[in-house]
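Chain lettering (A, B, C and D) follows the sequence in which the chains are written, and residue indices restart at 1 in each chain.
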Amino acid sequence: MIVVLRPDATQAQVDHILEKASQLGLKPHISRGVQKTIIGFIGPEDVLRVTPLDIFPGVEQVIPVLSPYKLVSREFKSENSIINLSGDIQLGAQRIIVMAGPCSIESYDRLRSIAQQVKSAGATVLRGGAFKPRTSPYDFQGLGEEGLKYMKAIGEEFGLLTITEVMDPRDVELVSRYVDILQIGARNMQNYTLLNEVGQSSKVVMLKRGLSATIKEWLMSAEYILSNGNFNVMLCERGIRTYETATRNTLDINAVGVVKEKSHLPVIVDPSHSTGRWGLVRPAARASVAAGCDGLIVEVHDAPEEAYSDGSQSLLPENFEGLMAEVRTIATAIGREV
Amino acid sequence: MIVVLRPDATQAQVDHILEKASQLGLKPHISRGVQKTIIGFIGPEDVLRVTPLDIFPGVEQVIPVLSPYKLVSREFKSENSIINLSGDIQLGAQRIIVMAGPCSIESYDRLRSIAQQVKSAGATVLRGGAFKPRTSPYDFQGLGEEGLKYMKAIGEEFGLLTITEVMDPRDVELVSRYVDILQIGARNMQNYTLLNEVGQSSKVVMLKRGLSATIKEWLMSAEYILSNGNFNVMLCERGIRTYETATRNTLDINAVGVVKEKSHLPVIVDPSHSTGRWGLVRPAARASVAAGCDGLIVEVHDAPEEAYSDGSQSLLPENFEGLMAEVRTIATAIGREV
Amino acid sequence: MIVVLRPDATQAQVDHILEKASQLGLKPHISRGVQKTIIGFIGPEDVLRVTPLDIFPGVEQVIPVLSPYKLVSREFKSENSIINLSGDIQLGAQRIIVMAGPCSIESYDRLRSIAQQVKSAGATVLRGGAFKPRTSPYDFQGLGEEGLKYMKAIGEEFGLLTITEVMDPRDVELVSRYVDILQIGARNMQNYTLLNEVGQSSKVVMLKRGLSATIKEWLMSAEYILSNGNFNVMLCERGIRTYETATRNTLDINAVGVVKEKSHLPVIVDPSHSTGRWGLVRPAARASVAAGCDGLIVEVHDAPEEAYSDGSQSLLPENFEGLMAEVRTIATAIGREV
Amino acid sequence: MIVVLRPDATQAQVDHILEKASQLGLKPHISRGVQKTIIGFIGPEDVLRVTPLDIFPGVEQVIPVLSPYKLVSREFKSENSIINLSGDIQLGAQRIIVMAGPCSIESYDRLRSIAQQVKSAGATVLRGGAFKPRTSPYDFQGLGEEGLKYMKAIGEEFGLLTITEVMDPRDVELVSRYVDILQIGARNMQNYTLLNEVGQSSKVVMLKRGLSATIKEWLMSAEYILSNGNFNVMLCERGIRTYETATRNTLDINAVGVVKEKSHLPVIVDPSHSTGRWGLVRPAARASVAAGCDGLIVEVHDAPEEAYSDGSQSLLPENFEGLMAEVRTIATAIGREV
């Protein structure tokens, strides 16, 4: 931590800061410049983070140096983490994993029909919501456990792994009984009771980036899960909120590279939510693979006009096939596979 | 709901839309202009909201007309809601209510000392966190139930009402036993399981605006609580996330007026989080009262240098007294009182 | 400037950095911590700002310490700047100055009628655009010099000072002949040729904050004007662009306090553009005065339904009178006057 | 334009609106629903855009239907525009055009050396700034005409086309004498006097998106140029400002697809400014090509450590060669070429 002093800081003020720091076990290094005096503090970072040195008299600015996350960082683990999704399926390795399915599980038949089609197009994981976070209390909230049962049965029938969102810490056990991957949605990225709960589970977790979370905050939320003992975490960029209204969200494609630089965790991209319009999903998926993501999660529906949610951004199965063909050639071009 | 057709929409496409609408029980009104044809649909709004008419062939744009919230709207209730906090204390009426206290409850003695000082400066409600949502899993997470006990005892001793944050739906009952007002924090504004839980309670709820929630989404989250039967809801503007980094958040002062226009619920402002720096708290508090808020919630600490959290934005008790004096004169200037 | 090294930085890399720094005349201070090594560089700041030390091998992060502006800073001038607008009218002193008038100058008669009414309500400066920056090339672009002539004549008739926007560096001389204050609009905040041009003038300049300019960038743009020799600069907060669409812009009320802290220049607020809707202008004006601004600039029109531009956010004269009455009581409450 | 009435609108208010509309030559279509009454107005769009119907008593909301741009729209011209850059070089066709070079022209020798290297790696256009828009008045402002002379000579020597930024309307003629493409920078996207000036030129213009411009505003700025008669316009996405600070800007990759949908103009991407860090430039370039852009503009410097500006985001020539190889394979994968 670096403390920049005000030009008019008095010696008494400096002494007060040094005394406080010394009580906390910190060792200072002072650099006196013509215009500013700077003190660098070395010591246990938790102490540094918590002490509000910026309000000490004479202090102009306090600059943190250490990143607040540890277990998720590249410094903690330099090679990429590879997550075993099942016997032979790995996320974070050479192969780019595609997850696809409807926004919500609407009925057994519809889910089965979509599952069959995404499987045949090459998807590895079936997605579908049983508990839906809806902005309006009057909108369809999901089929609950009934939906989970469909998912398990259909996943097994077609040899698809399954992913679904869990919203309530009380549901983690229930949901874990039925699906392979637990999704933490964007709205719950900083729902710490939920993060702690899935952190104590051994299930693979996909952590979506919050609507306006910085990459640092996103990694801190992942740190909650890892610090509870669960290292099977993948991150999912799903678009951020900006002033632009032409799209539902702004796909932060740079986030793929930044996360790869800061963390060893795999990163996947959701081209459906990060655009919000089906006509933009394919270019977004191509761009994401070209940028280096480890997987995609795509909304597919065989009758988007009748979807209970997210119809506007769902691909028809034939369009999803087209997407698979495109990302396959791009993956090949950059030395990966789909 | 209004549907704008593409200039090249065919008659078959229009018929397809009209047929679908008719199945849903909607009545269309068609206006054909030189450049665009527009269809207005009248009918049950839930149907309209869910059907993704924007993906029907021939459709260029779909524009919702009805606001998605009902119970929180001015149209539902035209006069301001007044919430009875206790026998003689009302929120949303003539008097502006001030809530103050430390960010976290750190110890019995500290809380008692701060409570005494904010009471003597004129605060009505004591704030303090027992369960703390912290970006880092390694930071102080609060004293839990122990803290709640302190709060109850000290609130009663000084005749202060109490408010604290509840983060876990499983804690609603516990927290309700100890405090008068339940706070839903910004990170949990769209934690629907939590909203449903406090909606089923009869406690007064303060719903903070999410970090990047639109006013519409914020009102939709309030709608979750009201639609569960709990109408004792106040909204709290606490600053939004923007590109500006000179302050921790950007106080959206316009939100006070917009909420007053759209909703009957009382609005309070948190000048501590919406600035993030104690030196800016007083101007923010003055501005909020001038803009027409119904209350303030302010972080006060008698040794900010030693605070476990939010030390940078906490006011010293003497500074809080200054704030109270200032907002009192401003309240008088606009015909209210503190 | 502070350089944080990567944990794996080699001695050769450190030597390379130190050698480069030494060539530039910089003196390093090295602090070696357990996890990170930090080098503080002291020296001429322009050199520091330009050299991209962040790309030197072994460097993790470079943190600037000195603020990039000088003449506009509180460190350069600790007391508030007071600008003489005319013989007895000062901006930045005890009295809060109100500027008012139509968005565009539409005709002699209309401008005269509005001028008369804002004068009688207590305005000091008449605003009105002769050259209009319009998003669409097909919208009314202003009356040009003809409008300036009206402004001068009407300003003199009613004893009002005048302000208008200048958009083209080639027009600075022309506009200066007719009005008292030159306005640089938000879209031109970083139009450096224009800033240099008004910097070489002796006219008072009002510099609006860019739509998404940080406070630091805004002050840097003011620095352009001061560094050309013109110190008669006032800053105008006019709302920033955020994700919120309920208002045209988000009034960054915190900016008033931040600018007062960082700079000696006066700050005024535009409650019309920062809300975009006339119904929110009065609360925004009250809040701005309560927060400590030195002036207001308000759009007033006597027939907003027929205004050529910004009709939605223009106050009727009687509403402007109401605003004046309100800000007067608030100014009094905080020890100022209008 | 669609007008939504308030539920409590009186008949007199409706009549007032209809009367006003009739005076303006507009034909209304009224739809009366259970909750809301809606009036669609058909007529000349300029009239509709300017009249502030939202402030008429009884009006709740006004919704524009027609897009405000014409000449740049797909409706005006359905096939993609192809711009002839020189005899055999076309932008917007099969081939993706790469522009590369230093941020600033620093000296004849340096520019020549970089030009030689980008040419040999496959670039078609040489970029380099002679007039630099710098946030600080104390930073290097460019070599001016001297730099333009270098550019012309070196472009001719290596058979490279040239592009440079023009900031001052008075410089358009001068700059046009030396280079092939005029760049309008992000800060000047709404500098309408400059847009009008380049609109009256016959030079090819590259219009960068403003820092926080919506896609609609960006297209409106292009409309300024086309409406002056110059149709040789390419758009350049260069990253937008968001709350995320891990990168200098957020590359809005969705913008490529949205612009392609709304407009016939070619779109290029600047992966240097849209990331701000050289380590992220290659993934951004790959993603942009995968998303469907028509060109790239990349900062390259052979000694970034000594660059006068933007050293942090400049690629070394060998790194630029790597970029070219990568985008070539991706272009092939999607059926284009570089």
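Definition applied: a residue touches a chain if its C-beta (ideal position, glycine included) is under 8 Å from a C-beta of that chain, and two chains touch if they have at least 3 such contacts.
Predicted model only: the values in this text are computed from it and were never measured.
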item	value
Between the pairs B-D and A-D, the one where more C-beta pairs touch	A-D
Identity of the chain that, by mean CA position, is farthest from chain A	C
Distance from chain B to chain A - Cα centre to Cα centre, in angstrom	26
Chain A and chain D, separation of their C-alpha mean positions in angstrom	31
Intercentroid distance (Cα basis), chain D paired with chain B, Å	38
Touching two or more other chains - residue numbers and ranges from chain A	212, 241-243, 245
Residues on chain D engaged by chain C in the complex (per definition of touch)	20, 46, 49-52, 54-56, 68-69, 133-140, 167-170, 187-188, 190-193, 210-212, 217, 220, 223-224, 227-228, 241, 277-278, 304-305, 307-312
Contacting residues of chain D [partner chain A, same complex]	212, 214-216, 240, 242-247, 250-258, 261, 274-275, 279-280, 283-284, 286-292, 326, 329-330, 332-334
Residues of chain B that touch chain D when the two form their complex	2, 4, 7, 29, 31-36, 38, 40, 42-43, 45, 61, 63, 65-66, 75, 212, 241-243, 245
